[in-house]
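Chain lettering (A, B and C) follows the sequence in which the chains are written, and residue indices restart at 1 in each chain.
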Amino acid sequence: MSLTFTLTELASLAGAKAVEGTCAGPLTGIAALAEATPADLSFLGNAKYAAAVATSRAGAILVPVAFASQPAAGQAFLRVDNPSYALALLCSVLEARLWPRPPAGVHASAVVAGSARVASSAHVGPLCVIGEGATVAAGSVLEAGCLIGAYATVGGDCWLKPGVTIADYCVVGARCRIQSGAVIGSDGFGYEPVNGEIQRIPQIGNVVLEDDVEVGANSTLDRARFSQTVVGRGTKIDNLVQIAHNVRIGRQCLITAQVGIAGSTTLGDHCVLGGQSGVAGHLTLGDRVKLGAQTGLFEDVPADGFMNGTPAVPFGLERRLVVLSRRLPELFKKVDSLAASLDSAKR
Amino acid sequence: MSLTFTLTELASLAGAKAVEGTCAGPLTGIAALAEATPADLSFLGNAKYAAAVATSRAGAILVPVAFASQPAAGQAFLRVDNPSYALALLCSVLEARLWPRPPAGVHASAVVAGSARVASSAHVGPLCVIGEGATVAAGSVLEAGCLIGAYATVGGDCWLKPGVTIADYCVVGARCRIQSGAVIGSDGFGYEPVNGEIQRIPQIGNVVLEDDVEVGANSTLDRARFSQTVVGRGTKIDNLVQIAHNVRIGRQCLITAQVGIAGSTTLGDHCVLGGQSGVAGHLTLGDRVKLGAQTGLFEDVPADGFMNGTPAVPFGLERRLVVLSRRLPELFKKVDSLAASLDSAKR
Amino acid sequence: MSLTFTLTELASLAGAKAVEGTCAGPLTGIAALAEATPADLSFLGNAKYAAAVATSRAGAILVPVAFASQPAAGQAFLRVDNPSYALALLCSVLEARLWPRPPAGVHASAVVAGSARVASSAHVGPLCVIGEGATVAAGSVLEAGCLIGAYATVGGDCWLKPGVTIADYCVVGARCRIQSGAVIGSDGFGYEPVNGEIQRIPQIGNVVLEDDVEVGANSTLDRARFSQTVVGRGTKIDNLVQIAHNVRIGRQCLITAQVGIAGSTTLGDHCVLGGQSGVAGHLTLGDRVKLGAQTGLFEDVPADGFMNGTPAVPFGLERRLVVLSRRLPELFKKVDSLAASLDSAKR
């Protein structure tokens, strides 16, 4: 972070009810209690860390109004109703300063097709390419090096970080946020054997991101064989995630890093997929389904299911199987001992 | 999809033997029977879905010539010999219209080194970079933002989607198709400890893609330590796949998403690797080897082997072990019961 | 490789003590003994391959000074103290010729913000973008299409391959080497539910790569929620690796391909993580911790721990459990047999 704040500015931004003590200089960072330096703001977000306040070197600490302690010398307490909320508020303010919305307009180095429509309030950064018939709606930001394909649509108030690719004919809803290197609309992986040679099946559908979707860095979302690959409103996708053709993801799902979802699978709303988990093709997952990290799912899951392991089973069973599998050495010994015991009983 | 067809046009493109009924307006999409709207074409690809035809809202449906039913009001049947084949034919026609070959020539914004040779029939899109001594052969298409390294070669009739990187000295055969964000020729991951510090081993080989290879979005293929990393003719690689240095993949293989193949491993022809599977280094896999999804392979596999699980074992054994491992609770109980029974028998 | 050497040049570059025999023409490649052609240099790196020398078609072979054999007709032996070291020396020389440092200066097509500071000895390739307030230090090379964000810093003597993204405010140390498509500084994946909707938590920290760090192709390193995501000095990261926000990796670690490390986890120095392994969030791993390939780690590991499997257990235990789990069919039979035997004994 490269911003500098006085204690007074921070107190105002955080909505502090009271300020006690003072720090030596301006504050230039935010850090956990144990790691903070006198130039950092810290916070007591959870009562169980109260003891850490006494030993923290932080220049200023966000504490609850009723926190029964005083700041050290050269340290300030900012008393607030809810330190976590105050911190989130502060971070939002800082974010808006660190990433001010760039000015409207198209950079001179961008290449915009004659038939593309770019809203006058949008920002198109250096070396972007916008294809024939594409649309960029009002208030959207395309940072440097974004490649928008022919007849693609970027909705209003989106923010595309540097180097995002939105392929031809794909649709990005309003207020989507897409990280660098993400590819929306690569070809689906569809082939069929013809006389011993693998033949490509044309992939002529597209990808639709509904409103408020976020996509992480270097994730890949394949266009449908025909019709659409769909990511529902408000769903958030982490980095290096693979979404295959014709997948349909519901609303408000969380798809964490390195997850893979194979072709034509459907997810309900509010699903949560743990890191590196994989879902086979042509499955149906209900609402609020959860998968643990590294799970390999090969069957449908009804609403509210929580699956774990490879091949996945219900979470409770998986936990039990893990415990029992670690007792295999004991079980083998016990069976040997039983056999010997039975043998001697017979003699 | 942004194309509009009349029923008559579709009937002609699909080679329909007969048209029954008519639809209200033009057709603008393709969808499965259950999801189709009156603006969509649908198809009966498998006899088991015949009942779904009666309730489909599709404007037009591709059905077998002998299909014993009539279209609903406002709906047309296009009777064809083979609905799946007719659909594939139609999709190929649509693909050619959606993605017409861009015109020959180099976009004014591309940066082409003086010593590079670009065929006059090739298309080099906006903001591409072509390095010293590189070659782009006849009929190839490089969409926007492709980066072709020094002395790299792109064969004839290739299609590189936006944002592909072909690194220095790498060779891409004829008719290869490469998706956005793929990196062909990153450095191999080779290091050795020297006095407690990790020293890089130079990686001076290259990557060779033989003819008709396809590579998915954001996949990475490392150049060899020396000599070549090779992908055989007709092999198809999905998204986010990692191919390490000195790997040699045979012909007509299918490498699905998020697979990783470690250094110096060799695959035969017609291998199929399931999603998220991993293959350790310095292994040899014969022809037609198959790996299930998420498999972790740590040993050689002879031709026609089908391995599953981590660490991988033959598929049949893995299936049996999974079934038995789920019966562990029952087994533990049975052993306890046997012990009690033996104990009471002794007394 | 596109370089051509005479035998005399190679002998000089490899520091040969003696040259025996001669080869027909110039040498244009390096290959293993079994694969070499008369145009290749090969080497006897390990005494166990000595028999392969006799049948190798290599034009020239690096052999130990005392190797008790003579070259075949049309073949040369270059006798050296240590063939592996001689080969590494040679590869370094070849690498420097294949990748000569590009000339200092900023390519005319690059877009450099007015407030950015680019050292006069740095190379900024075609179509790079360098943001406001960014710094590129002396001797660094940015190949084509690199995107350097606002207020980002690239240290001295770095080498960024084509298409690297260093996001706003991130810091890259000296002598770092970053492969194509890597994203340093994507947003951390931080959300919290607010009234049933998923709200984004601002991610206002950055990523710091210390000196001599290397990052592979299409890997993603997320910026911290606040403070820093840190990769320690000399650590090497392979392709398609995911490093989440607030992770801290120690020095001289090896993180192999497709590994994922979840948020706020800390690694010590000299750790080695096998391919496709995953580490859950908020964990602490000591120095020299090792994880086998595809391991899923969900607990802290003290220094020198070696964990394997999912969920991970110590390596020795995991090996034992794998062996026993493969004996499950035998165990089930044995228990059935015991039950029958006990039953008959009772009657």
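By definition in this document, contacts are C-beta pairs under 8 Å (C-beta built on N, C-alpha and C of every residue); 3 or more make two chains touch, one makes a residue touch a chain.
In this text the structure is predicted, and so the values were computed from the model without any measurement.
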- Do subunit A and subunit B face each other with the same patch, meaning over half of the contact numbers show up on both, or with different patches? different
- Working from the CA atoms, figure out how many degrees subunit A turns to land on subunit C, in steps of 5. 120
- Message: Based only on mean CA positions, could you tell me how far subunit A sits from subunit B in angstrom?
- Response: 25
- Note on the structure: For subunit B, residue numbers touching 2 or more other chains are 127, 145, 163, 181, 218, 240, 258, 276, 310, 325, 331, 335, 338, 342, 345
- Note on the structure: subunit C partner, complex, touching residues on subunit B are 111, 127, 129, 131, 133, 145, 147, 149, 151, 163, 165, 167-169, 181, 183, 186-187, 189, 191, 196-198, 200-206, 218-220, 222, 225-227, 240, 242, 244, 258, 260, 262, 276, 278, 280, 296, 298, 310-311, 313, 317, 320-321, 324-325, 327, 331, 334-335, 338, 341-342, 345
- Message: Can you tell me which positions in subunit A touch subunit C when the two form their complex?
- Response: 1-2, 29-32, 35, 88, 91-92, 94-95, 98-99, 107, 109, 125-127, 144-145, 161-163, 177, 179-181, 214, 216-218, 234, 236, 238-240, 252, 254, 256-258, 275-276, 293-294, 309-310, 322, 325-326, 328-329, 331-332, 335, 338-339, 342, 345-346
